[in-house]
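Following are the structures in question.
After this come two complexes, each holding chain A, first together with chain B and then together with chain C.
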Partner chain A sequence: MWRYVRILITCARNSLVRDMSFRTNFVLETISSLSWVLMNLGFYVLIFRYAPEIGKGTGWGQYQFFMFLATGLLINSVVQMVFMINAEEFTEAVRTGALDFVLVRPIDTQFFISIRRFDWSALGNFLLGIALGVYALGKMGHLPTALQLILYALYVGCGIAIYYSLMIALAAATVWMGRNLTVLDFWFYITIFARYPMEIYSGPVGGVLRWAFTFVLPVLIVVNVPARMLLRPLLPQSTAEWMLPLFGLAATVACLGVSRWLFQKALENYRSASS
Partner chain B sequence: MPVIEVDGLSKTYRVYQKPEGLLASLRGLVRREYRLVEAVRGIRLAVEAGEFVAFLGPNGAGKTTTLKLLSGIITPTAGTARVLGHIPWKREDAYRRRFALVMGQKNQLWWDLPAAESFRLHQHIYRIDPQQFRRTCSQLAEMLDVAHLLQQPVRELSLGERMKMELIAALLHSPEVLFLDEPTIGLDVVAQHRIQSFLRHYQASHGVTILLTSHYMKDVAALCKRVVIIAQGSIIYDGSLSGIIDRFSGQKIISLQMANGQAFDQLDRFGEVLSVEPPRAKLRIRRSDVTQTLARLLSAHAVVDVTVEDPPLEEVIAEVFSHPEEHWGRKVGEAPDLMEDRG
Partner chain C sequence: MPLRWRLATWWTLLQISIEERLVYRADFALGTLMRFLPIVTQIFLWSAVYSAVSDSHDGQIVGYTYHNMVAYYLLTMVSRAFSSMPGLASGIARDIRDGSIKKYLVQPIDMLGFLLVYRIAHKLVYYAVAAGPLALVFFLCRGFFDGWPDSTTLAAYALSLVLAFLLGFFLEATIGMIGFWFLEVTSLLFVYMLVSFFFSGHMFPIDMLPGIWGTLVRAIPLHYLAYFPAAIFLGKVQGSALVWGLVIQAAWVVLFCILSRVSFWLGTRRYSGYGG
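Moving on to the complex of A and B:
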């Protein structure tokens, strides 16, 4: 276990050294990433000038929604910082045969290909997520309890695990497809649905979307569950909502299990590439 | 007991046949045609501990595929293999800690970082004791004369320097088996020689078992006592380097030095004239005709000096690679039943 931690730290360190050797690129990436988030935030501030909350009686006022955004930002930034760049590299490594050198290492292949590189430019978004969360909680005058914070951290971890599972499963498909440049595009399209509170998915179409993105591809619970954990105004109002966190845990385990199985199958079918 | 044991090992790929033209490509979206490529066909091989074996063959013969099978990178279609008692494609850590793979055409080091950073990562992956790591790293760097380059980004190294770093990365954990896939490809003569010397010394001092593929006969001649030739996925020869000429070449080269004033115009009566640079000439003749041809030559011409040699090894091997079935005398793919006694 300790060996894996040391490998993780070494990869993170090596990535930082590498990023620092291309300073201008690093600064520009950080700035563009932060700008995109801030522009989005400005857009939502504008919306809340015209609407006091998202949906009537849902409890998602401006600062509750900012807390929701902050949670999404935290989860997305970790995924971007650690897994996204590695999923991209994995698909390329399958196509070029560079995966050969990973397969001969005495280490869990999935672990190693998932953490080989870190995209440190996403750290800015992570810090912004924390700042936004603290700001939103402050504006609400809400001080979370220790249990809430622990559950929040747990479910942020579950959210990251679900996103990661989806991403690694899509990346593993490269082994059968040969070339898979749409991995991140597809992931991006799917995760768009997770950026908003569940309550907006109402009506016949919304109901179907809510069901599908909760029980089939459980991306809706990624941000919704941890955000709810922290926001007292959104205390569960029905038995179904009490079940959501339990389902979140089960979904996380299932996603990790299925993606692990798929990844192992992919490695069995790896063909390498001409040298 | 052999360190590497291979029996009936086969690997078949299904390869998509991409048709030419736009219409055919569009048709390919719905219906595809595939071709089966037998990269390795039922090979049988046993390598003892401490052997340095060359794996020769033309491009696409199945050399690299065999190394990838033995490294556990790909799984076979049929057959068995055991390396150090492990089945490679089970990819057990206990096995992966005991061998290393170097591929001359692929890079395993972090491109933008100094090699030393990649080595440190290897230290953690292979659980190498810090003291041993420092000692091995500095020893290998000294031997390969790259100690001063350890802190330089890999992308700024020459090809030869990078290959030396690749070798260090592969040897840090002191593997018992080393698979080398064209480690000197693209290198200049000096770098090739340096790497050859290093490998010879390292193999002798550590007793490591090495399987080497290379297109450079100088690598093979300098390093390997045993040569395995693979063609179209099958092993067609397993024996000594010199045995290749005995087995596959039915010819000899005669070099003549004529006395002054001798005519060169009728030399083609004796064999194929390879070159004429008065007073010297070279002829290629059938091995079985050597005695008779020499007698006729010496009686017809005033010859000052004569030498009889085997044709160059590269030439013989190129001929074998071009027509493997002709030289093997059977359908390629059948298991060989007669190998040279390797002694």
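Moving on to the complex of A and C:
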């Protein structure tokens, strides 16, 4: 276990050294991703000029929604920092046959291909997420309890794990497809549904989407559950509100398990591409 | 070269480009279909926003009802299908950086003309492949439209789409030419993409921008890429404002056509190619 922690730290350090070797590029990338987030934030500020909340009676007012956005930012920035670049490199390694060099190493392949590179430029978004969250909580005059913060951290972790599972499963599909440049496209189009509070999916079609993206492909759990931990009263009003966090834990374990199984299956089918 | 030969050359180039684009047609069709998914979340987001807006603003945001807003997003997808030029500026900048631009300098072919024909071919294939999914999406969402606009509006809409294509092409080509002066333009292109997404009206109708921001955005050409055609279709721009809008859009096309030509001419004067 300790060996794996040491390898993780080494990979993180090496990536930082690499990123710092191209400092201007690092600064530009950080500014680019921050600008993208700020522009999105500007869009929501515009919306709240015209509407007091997202969905009548849902309770997602401007600052509650900012807290939701902050949670999404924290989760997405960690996924971008640690896993996204590695998933891309994995798909390329399958195509070129470079995965052979990882398979012969005395280390768990999934672990190594998942943490080999760190994209430190996503750290800016992470810090912005914390700042936005603190600002939103301050504006609401809401001081979370220690238990709420612990549960929040736990469910942010669950969110990251669910996103990671989805990404690694999509990347593993490369082995069967030969070339899968659309991994990130798929990921983007699926996770787009998790960008908003689940209450917006109402009506017959919305109900089906909400059910499917909660229980089949649980991306709606990712941001909704942790954000609720800070915003909603800790004693839930309905059975559904009790069940969702519990289901969140089960869904995280299931996602990690299924993606692990898929990844192992993919490795069994890997045929290398070298001559 | 006689005009007949010249036309034959461009026709051959168009055919080759269409063939090339159709090689990965399954991947292309799947990608096209996926691109419609974000509209689903937009429909639900705006439905939630409008449910809260009903009482205070007469159910409207800057004159857009909920149905108008969804129709607007669907129409900007069509606008962007005409005006977006993926890989054009970065392709030109890459050709300058790695030296492959010299093929245009030594061959009797005009680079901008070639790229324009190539882009037309790509767009034609895109419309052919996207027509099915697009028709399906519009059919499913037909309830968001108040019916077809009159023939004059439709003609103005079609013209604005063609102008949006040309403006998108020459604007991006001009940006790509900056590569003659700065070898690495990736960050610059990202900034352009960001500003374009926000201020072209792709993200929201620019009527929502308050005060000076609205005036500023109307003064730059980006909103002709997505907002303007959609606004014409929805009847938000009419009468003399419509005519003037089309004239200004055409003027921007001419300006960027000249700018791209001049920057290519100036750029090739300072360009140096080494190696074989």
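Everything that follows uses one rule, which is that the second predicted complex is superposed on the first by the 268 of 275 C-alpha atoms of A that agree within 3 Å, B and C clash if a C-alpha of one lies under 4 Å from a C-alpha of the other, contacts with A are read in each partner's own complex, and residues count from 1 in each chain.
Everything that follows uses one rule, which is that a residue touches a chain if its C-beta (ideal position, glycine included) is under 8 Å from a C-beta of that chain, and two chains touch if they have at least 3 such contacts.
Treat the numbers as computed from the prediction; the structure is a model and nothing was measured.
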Superpose on chain A as described above, then tell me if chain B and chain C fit or clash. fit
Now for A:65: first (chain B), second (chain C), both, or neither, which partner does it touch? neither
Check the residue A:52 against both partner chains and state whether it touches chain B (first), chain C (second), both, or neither. second
Angle at chain A, chain B to chain C, CA centres, as a multiple of 10°? 90
Looking at the overlay, does A:271 come into contact with chain B only (first), chain C only (second), both, or neither? first
For A:83, decide between first (touching chain B), second (touching chain C), both and neither. neither
State whether A:18 touches chain B only (first), chain C only (second), both chains, or neither. first
Now for A:209: first (chain B), second (chain C), both, or neither, which partner does it touch? second
What is the contact status of A:163 with respect to chain B (first) and chain C (second): first, second, both, or neither? neither
Per the contact definition in the header, classify A:35: touching chain B only (first), chain C only (second), both, or neither. second
Report the closest approach of chain B and chain C over their C-alpha atoms in the superposed model, as a whole number of Å. 6
Which residues form the common part of the chain A surface touched by chain B and by chain C? none
Residue ranges of chain A in contact with chain B within the complex: 3, 6-7, 10-11, 14, 17-18, 21-22, 97-98, 100-101, 103-107, 109, 112, 267-268, 270-272, 274-275
What residues on chain B touch chain A, complex-wise? 13, 64, 68, 71-75, 91, 93-94, 96-97, 99-101, 103, 105-108, 110, 112-113, 117-118, 120-121, 124-127, 153, 181-182
How about chain C: which of its residues touch chain A in the complex? 27, 30-31, 34, 37-38, 40-41, 44-45, 47-54, 56-57, 61-62, 187, 190-191, 194, 197-198, 203-204, 208-210
Per the touch rule, the chain A residues reaching chain C in their complex are 28, 32, 35-36, 39, 42-43, 46-47, 49-56, 58, 182, 185-186, 189, 192-193, 195-196, 199-203, 206, 209
